[in-house]
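Chain naming follows the written order as A, B, C, D and E, and within any one chain the residues start at number 1.
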Amino acid sequence: MSILGLTYCPWSPIFWLLASAIVMIMAYFFRRRGQKKYKKDTAQTRIFLCGEEVPEAKQRHIRAHNVYWGFFETMKEYYDANIKAHTGIINDYIIWFLVLIAISAIILFIVG
Amino acid sequence: MSLNTIKRALWAYHINTGSCNGCDIEILAVLTPRYDVERFGIRLVGSPRHADVLLVTGPVARQMAPRLKRVYEQTPDPKVVIVVGSCGLEGGVFYESYNLVGPVDQIIPVDVYVPGCPPRPEAIIEAVAKAWVKLEQAEKQGVT
Amino acid sequence: MKNEEMETTYTIPVGPIHPALKEPIRLDLKVDGERIVDVDVVVGQVHRGIEWLGMNRNNPIQNIYLAERVCGICNISHPFAYVMAVEHAAGISPPERAEYIRAITAEMERIHSHLLWAGVAAHEIGFESVFYLVWRVREKIMDLIEYVTGNRVTKAMFQIGGVRRDITEEQFPRIRKTLDYYKSIFDQLKTVFLDDRTIRMRAKNVGVLKREDALKLLAVGPTARASGVAKDVRQDQAYSAYADLDIKAVTPDILTGSIVGDVYDRIIVRLLEIKQSMEIIERCLEEMPPGAILAEPKMAKVLNTLKKAEGEGVGRHEAPRGEVIHYVRLEAGRETLATWKIRAPTYVNLMSIPTILKGGQIADVPIAFASIDPCISCTNRAMVVDRKTNEKSIMTYEELHQLCVEKTRRLSNGLVK
Amino acid sequence: MDWSSNSYSLTTVAIVVGSIILALLGAFFGLLYRGIDRKLAAHMQGRIGPPIIQPFRDIRKLLAKESIIPDGGLSWLFQACPFICLVVSILLLTYIPVFGQRALLEGYGDLVLILYLLIIPSLALVVGGFASSSPFATVGAQREMVIMMSYEFPLAVAIIAIAWRISHVTDINPFIFSTVAQYPIWNQVGPVGVIGSLALLFTLLVVTPGEVAKVPFDIAEAETEIAGGLLVEYSGRNLALFYLADTIRAFVMVSLVVALFFPYNLSPVIGIGATAPAVIVDSLFFLLKVFLVMFISVILIRTAMARFKISQASYIYIIAMTLIGLVGLILIHVDMIV
Amino acid sequence: MEIVKILLKQLLQTPATNKFPAKYAPKSTIKFLDRIKKGELKLTPPIAVPPRFRGKISYNREKCTGCQLCLKVCPTKAIEFIPEEKKVKIFVARCCFCAQCVDICPVDALAMTDEFMLSSYDKYADELVVTK
């Protein structure tokens, strides 16, 4: 009952579903007005590749590696710095740890 | 389905099948402020899937023929094909060359021909108007 | 797992039918993420057999119009080089006034071509407003071209031994008016192109062609000049009316003081060349000598002379895209040309495409590719087709070299006879 | 418009009727504003441009075209994506106050929900792109994904900064639009805070073209680079759904900016008390506000800029816009201390 | 930013567009053309062509002597000779509008007109074959 309660709630799934259902029905009717026919299993359904012959699905598969490329490219400096920091030498990590503890101690000391 | 609905929102896709570029720049010129065909709802789109009009230029070089056919097939119906420029009509100065398989209407069905080498932008607009008339007549006769 | 499957790159074809390219050519891009690892340029889609037509079907006068349609944008440049080659071969010298008219039309074409390029470049980087702005400005020169030559695009001005149409005194004011308009608008264009932040973001350090590479890859025209190679046929081997005008090749350091060889520099070169062309036209108008415009006004006579003529000739012209060369050989008693060889500027500039694109992003492809102002229809004139099997094949370097040697031998034998 | 009546059935009916009306209005005004956008952009470029009702014609035309489903793609996913995109775009309208009224589902969803819902249309585009199995669409999809990840953070910063500032003024939940409307940000802050709020507004205005995929952030659809990008294989009614969703999304995004930064109504100012005239006046005022925001953040930006590269766009959002957003946040905070 | 200035300036100016043939697409083109024929509506004319414009070719059959010089220079083989009548026939669909035949014609039987709007549904339509 608390969900349906008309006091404030961050998200009411019931009303959300209700509204979605209405909108979906409307979108469905809109969609149904469209032309549904197309020429199945003809040359028409082949993907557009600048007019070239379409290679096999395997060849045009793009590996997931490429998906976040733009993101990596932007954050390159950040990642590079991070990778540099991770030297794999345990002494470095311990120094990081000690420095951080020292800094937090100072902050705690000042604030406290 | 109504052909009339298509008439005033023609999206065009431009295919060069080996033309000399003259017609292509005139097609681009048609979009620019002086002629501005966007006022008729025409705009150039990036994919034949979105297109209603194929603007074909050039005499169809051997390598381009299968590609032209493919793109024509990939364009959803109903569609209009306008051939711009004399070499797309009849080969123009390139007639009888060994590497041509055109003109365009031997590869795909053509609706409107625009002679000119290259045609003035207004002639291309007139061709669009001819295409409207054709669509309206087809609508009247109940052709889909 | 096989090594092949572990490959992280993929291939996307750009072209032959692609909105970034106004002409058919295929670039096979090997991409990692969006970084271009390798580029393969596949040409041959627009091959129309122009040289073959010129050697087998057409007489030299018909060839002028065929040469005009080698490329619709450089349709002064090709006939210009062609008629020079034929005149050279047949020993005809055009009257001086015709030379000036030729230069004026050629420079008008350069203005129109560079403006067209600027608009297309803006279109390629999604800057529609600049595309519209530039093409709106360009209509003025198109009107002028139509006024002077009778057609907006294909001008049909050239004739063996001169030009077909005179530029008369009453046409001067209109030409000057148009030039004044461009002068008044030039600074605005310059600011729009060179000071705009987004254009700088897209053009600076993109598609760099270093001076050494430009020399090595034999780049021509604005592409070479933007890389700091100050070569320009009008300067190096002045011909026609240019000989009187003392033209200096435009390099980007005139404006910026440094040469990077990127897309931005190519924009600078083209913009400055527009200004240079305006100055050339003005000087031509001032200094245009009176006289006839054709060495021989009767075309039937010209055809007869050419039929009887024997010899070979070369015509070179600095097209908006770079140097265009036509080689022509005439044989007595033959109506068509015995040999016709065209070397269009894009043909050599295409060699620098892989260098320009490598290391860039997919997003750089349209603008970097457009920055050499490619004219594919100029380029495609050779493909190997086995007539019997109708099979197309790509020849190896050695085979091609062998064929070249044989052909040269055949040609030189023909000459000796 | 009081939803806190104690009758559930009445609320249900109101929501049913309300969503139908909102869907229709959203579609209508979305397309209308797209028409205005195209017309004004054309005039700015020195052309006449299409008639304002052109987008309606485009939609009608697209419905008459064949809807091709390409080989190799997942057919059901390919068709479901535009559908989901449209549904969620309209659904967003029910949570955002439009036409100077309170949101239809006011109290049943807050700003955080909107942040979540805003992702879904972009996600639908991405999935649709991947489902088309065309390399162009894949490149477009990955670009859209990166853009989406990039603008999400500055968007969240801007929204949360406002809510956070308001939370210092009142005890009512600051994530509800009615609270935002009750305590407009400009009225709560001093001069330093105004600068901070301006920074936040700027952030949202720059995020808007990214969200609605317009130049300079239309990288995912870049026509000249990747042939229409993730929409390359869509045609007919599927494209029509995306087209409609796109226009509604633009309307939603601009309404969100208006609701967050300009929640003022005209009727109390000029003293119209009666309900019906007040609704009309407020609606018109709202449409004017939407127009102004859209003019600056969509029309002007899209005509005055070139398309960015994906790394540049991503940089602008992740680094520059986030920084500006954070500066705005700090300035608002400083304003409180001062 | 210079471009913003230009854009805002152009927003207030009248567009540079020449409204040929009408400002927007007419609802029914057939009716629109009918009304123009009846004189109820007026077309916005295209940009005027200059005096030396090369449009559709015109042919003066009487003047023609059948010398066939035009056939010799036509780069597109658009001109066909009719041996029985010693006259020619010109296919506009093939013409490249270079006007070389006009230049060479010894009796001035050929000329270029101003007509350039030539599009048609049939490339061999009567108006695209010049016989007189």
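Criterion: contacts are C-beta pairs under 8 Å (C-beta built on N, C-alpha and C of every residue); 3 or more make two chains touch, one makes a residue touch a chain.
Remember, it's a predicted structure, so these values are computed and weren't measured experimentally.
Colleague: Enter the minimum step count from chain C to chain E; a value of 1 means the two chains touch.
Modeller: Shortest path length, in steps: 1.
Colleague: Moving only from a chain to one it touches, give the least number of moves from chain D to chain E.
Modeller: 1
Colleague: Report back the single chain whose CA centre is most distant from the CA centre of chain B.
Modeller: Of all the other chains, the one whose centre lies farthest from chain B is A.
Colleague: Please tell me whether A-C or B-D has the greater number of C-beta pairs in contact.
Modeller: Here the pair linked by more C-beta pairs in contact is B-D.
Colleague: Roughly how far is chain C from chain D, centre to centre by C-alpha average, rounded to an integer in Å?
Modeller: 47
Colleague: For chain A and chain D, let me know how many angstrom lie between their CA-based centres, rounded off.
Modeller: Roughly 19 Å separates the two chain centres.
Colleague: Could you please state the distance in Å, as a whole number, between where the Cα atoms of chain A are centred and where those of chain B are centred?
Modeller: 41
Colleague: Which chain D residues reach two or more other chains?
Modeller: Only 42, 44-49, 51, 63-68, 135-136, 139, 223-224, 226-228, 232-233, 236, 303-304, 310-311 qualify.
Colleague: Among the residues of chain A, pick out those that touch two or more other chains and give their numbers.
Modeller: Residues 35, 38, 44, 46, 48-52, 60, 62, 66, 69-70, 73 of chain A touch two or more partner chains.
Colleague: Got the chain E residues that touch at least 2 other chains?
Modeller: Residues 1, 3, 7, 15-17, 23-24, 47, 75-76, 96-98 of chain E each touch two or more of the other chains.
Colleague: Going by the touch rule stated at the top, which chains touch which?
Modeller: Touch list across chains, by label: A-B, A-C, A-D, B-C, B-D, B-E, C-D, C-E, D-E.
Colleague: Spell out the residues on chain C that touch chain D in their complex, using ranges where they run on.
Modeller: Answer in residue numbers: 10-12, 18-20, 34, 122-130, 132-133, 136, 196, 198-199, 201-202, 361-366.
Colleague: Within the complex, which stretch of chain C touches chain E?
Modeller: Of all residues in chain C, those touching chain E are 58-59, 61-66, 68-69, 129-130, 133, 136, 143, 146-147, 149-151, 154, 156, 164-165, 188, 191-192, 195-197, 299-300, 303.
Colleague: Considering only the defined contacts, which chain A positions touch chain D in the complex?
Modeller: It comes out as residues 4, 6, 8-12, 15-16, 18-20, 22-24, 26-28, 30-31, 33-39, 44-50, 54, 57, 60, 62, 66-71, 73-75.
Colleague: So in the complex, which bits of chain D are touching chain E?
Modeller: Those residues of chain D that touch chain E are 40, 42-49, 51, 300, 303-304.
Colleague: In the complex formed with chain D, which residues of chain B make contact?
Modeller: 1-3, 5-6, 8-9, 11, 32-33, 36, 38-41, 45-47, 49-50, 52, 74, 76-78
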